[in-house]
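Labels run A, B and C following the written order; every chain starts at residue 1.
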Amino acid sequence: MKLSFEKSRAGRSGLDRLDTAPGDEVLAELGDLLRTGELFLPQMSELETVRHYTALSRRNMGVDTDFYPLGSCTMKYNPKVNEVIAAMPGFTGLHPLAPAAAAGGWLKVYSDLERYLADITGMDAFTLHPMAGAHGELTGMMIVKAFCGGTGESRTKVLVPDSAHGTNPASAALCGFEVVNVPSAEDGMIHPHTLAEYVGSDTAALMLTNPNTLGIFEQHIRRVADMVHEAGGLLYYDGANLNAIAGRVKPGDMGFDVVHLNLHKTFATPHGGGGPGSGPVGVKGRLAEFLPVPRVEEKDGALTLSEDFPRSIGRLSGFYGNALVALKACAYILNLGPEGLAEMSALAVLNARYLLGLLTSGGWTLPYGAPCMHEFVLSGEDLPEGVHTMDVAKRLIDAGYHPPTVYFPLIVREAIMIEPTETESPEKLEEFAGVMNRILGEARDDPDVLKTAPSTTPVSRLDEALAARELNLACKRNGRT
Amino acid sequence: MAFVPHTAEDVARLLAAVGADSLDGLFSHLPGDVVSAAAAVPGPMDEDGLLRHFRTVSGRNAVHEAGMCFAGAGAYDHFIPAAVDALSGRSEFLTAYTPYQPELSQGWLQAIYEYQSMIVSLTGMDVANSSMYDGATALYEAVLMTLRVTRNRHRVLVSGTVNPLYRTVLRSYAANLALEITDVPMKDGTDDADRLRAAVDDGTSAVVVGYPAFTGSLADVSHLAEAAHDKGALLVASVYPTALAVAKSPGEMGADIVVGDGQPFGMPLSWGGPYLGFLAARDKYVRRMPGRIVGATVDTRGRRGFVLTLQTREQHIRREKAMSNICSNQAHTALRAAVYLTLLGPSGLRKVAAACMGNARELKERVLALEGVTPLYRNGLPWFNEFAVRLPAAAERVVQSLSGKGVLAGVPLARLAAGADEGALLLAATEKNRRDDIARFAEMLSKTLRELR
Amino acid sequence: MGEKVVPDGLYYTKEHEWLRVEGDVATIGVTDHAQQELGDITYVELPDPGTVFHQFEEAGVVESVKAASDVYCPVSGEVTKVNMELADDPVVVNAEPYDGGWLFKVRIEDPTELDNLMGAEEYKLLLGEEE
């Protein structure tokens, strides 16, 4: 498909009238600073722009178009009502630096959501500022660092299981921590006797996802928490997988001190092609003084913003984070209520376990046993010689499914990570399992249809090595396209 | 309502298939002491109730009347054409994830490639990434990038022209890094070029400037770029992107990295987010850039297609050695910016920028005509759409008072920077502030000033 | 995976670098096994000539589309030369890991450090274990 730049005609614009625009005389004031370099933007009418982006939108898969069992990403249905709420002019119209007295509605949303999330996670205080899960991790690690600094001890190491998301070590490293990988045991869990070799007086924190990225609940979590605490460290909860336990198990009750959540996963805000997300961070009471500012506070019966927290890690975003995303999550929680949340996580687990049964009985290999929670990780290692997980993924596209997450977690060879979520029907799971099991057969009998897939998409497999070697990252007037 | 399709029979059938006796039974293998009481959140609420609730809550925000927002400081009340919502709101875009599987994500990937191309042209750079969280975090990421490029340098000079909120954010993150931040305050509302030049040394990784200054002035930064380059340091510019439609790009003046907030390109004010951090740089630094990058390539049949590229910089591959920890970004606001810029094109964007300038001049003239109001700076430099004045009353009280009357009169500088003059007020105009809006505002401001005196 | 070539007469490391000694200069590269594991190599980051490394210090990176592998300097010494051709044509590391695909040369500071490295037979055993 042509680029917008390639469809352009000089002089065309979708904005033909702007009543307040003066003549060009005002630009003369810029003198030597007047732009002389070309402004290379597409030149299209409004209808051409509409057709261009409508055509682009159709060259995608989304939750609204197809089953999207992308493990670890919780691609559940994003309720339409939340979009309507987030488009209310009373929310979208407010400037972030309007006086607090003018922001009563937003302050209430923030105050309410902070309280709801604290309750769901068993934490005492929350910040909604982090704008993505990884941003939440960084915020959490900064709080850990501030806490350790305050104790006067030298705690330099953050422990991360080998099954962790890559953001965990990356976030810890950004705070100057040394990252130490802790190996998972053969059952996919962190075992106290293994952990004992790593935890010590230099441990600042252990970062855990529970259920972990294999979809397995860490059975030894209470012992693990005690060990970390006895050594003087903190336990950090990566909330990527909260969808498995929300409304049923509180990370605070498991012993976690700091948590981040992904509102764009568990709380159903749309992923938007990769963002914006929201990664609120909650802490136990003794860490609350370190939360970022400004914080929502009640003062003389009214909500306001306060920066008066001398031990705070400071301001971490231009304003208060992705406010509209927080709003959608707030609406989702109210929509579901406590029973709805508990039903949500139970059906997420039920769907995953049912689908896992259909796939293992169809011949797929589950390298780590244990009952799965909301997701599970298969291995493509037993596929016939020369056929890889990626080939299965591409073949699924031809069948009309978004492929699962592949090649993650790193501890499973040829990993296929599947998370159906609670919003899919049993029929859809059966249909998907049927296709997966058929593909397993094709891998044996007709591997070529896998190797050459997908054939139904606008492009076939792309040369990623070429893209990395001969960089073409922007369309330029005098350059390549 | 958990948006689940399961009938009671479905649940019973699936439970039997997995060998569980009840939904609770699915969790029976969990250690008993971790299973908690249900959350005590309110709800459930039906859709009608939900809409009513949030309509009431949104009513507690005192939003300015149309055309009556004169606040900027990093967030601007620009007009958003209807097509931006209509196109970006298409659920094929909205409900997709990061385009890891390129064959089924060509729409998203091409849109981001086009977005990168537009940011490259605006900033005068060679490459742009697919987005950062916001303007403040984009600046922080740019500073980290200069540390990687220059190696073993630990000092960054930050001009007072950079938005004070961004400077505060930078300081928060720097606390955990081997990074020393030297603030070089403004001189009469612009970069203190002499002090900046004198302060660059062999340990400096970057000189960071605001363009325009957060108080509105535009200054040529070529000589600062030269001074930085002479010592092996980089010049980073934090910009207001609408201004670049008419003002010389930082790239033309020798900048190495350009960052900013793309909120003016189609994002509603929304109490601060989601906005759009953008980051663009010279070609030679592309491997030190944070964030996702889309590149063009070909498929097995030689057709052009797009993929996420240079992924070895990223956390999912490089883990603790990654250029950044960023994973989720602001793709959807980048899409909004791409639609906005495509719709306007160069002529439309220039019109918007010229309208901002024209209206801001009208506003400045009217405000300065009021008794006791004086300009805060008199540097004689060109300026875009924002300016600071000194009021004969506390700016905070003026803003509070007018806020109750449907007007956002600007941002008191004391709110952004401790120690600023209590009377100092930062005002901005956009294409939405029409002549009669400005006249009405001037009258209201005049009245308020008299009342408060 | 195809057959993995492990030439005699070279030194090897656990991290899959090889080292060839000529006088007091060592030529360093990554092994056939390493290039096969990485797949199509897209980029090679090399040290600046003149840099001095300690034994097993990080000296560069070899990247494919989906992986990045650090290269450690197998012996202490100063970098005397780097393979500039790889900048334009990194695929040479795939095609000729032991010849045209060499990465850099160092002047060996302490020949006794070579005792910490493996010979071809020992390295083959290591590869056998990893299979």
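Of note:
Note that in this section a contact is a pair of C-beta atoms (placed from the backbone, for glycine too) under 8 Å apart; a residue touches a chain by one contact, two chains touch by 3 or more.
For clarity, every value in this text was computed on a predicted model and none was experimentally measured.
Farthest chain from chain C (centres taken as the mean of C-alpha atoms): B.
In this structure, the chain pairs B-C and A-B differ in their number of contacting C-beta pairs, and the larger number is found at A-B. In whole angstrom, the spacing between the mean C-alpha positions of chain A and chain C is 37. Inter-chain centre distance (chain B to chain C, centres taken as mean C-alpha positions): 44 Å. In terms of their C-alpha centroids, the spacing between chain A and chain B amounts to 20 Å. Among the residues of chain C, those in touch with two or more other chains are 43, 63-66. Among the residues of chain B, those touching two or more other chains are numbered 312, 317-318, 321.
Across the assembly, chain A contributes residues 464, 468 that each touch 2 or more other chains. Per the touch definition, chain C reaches chain B in the complex via residues 43, 45, 61, 63-68, 70. Across the complex, chain A is touched by residues 40, 42-43, 63-66, 90-91 of chain C.
Residues of chain A that touch chain C in their complex: 407, 464-465, 468-469. Put simply, chain B touches chain C in their complex at residues 287, 311-312, 317-318, 321.
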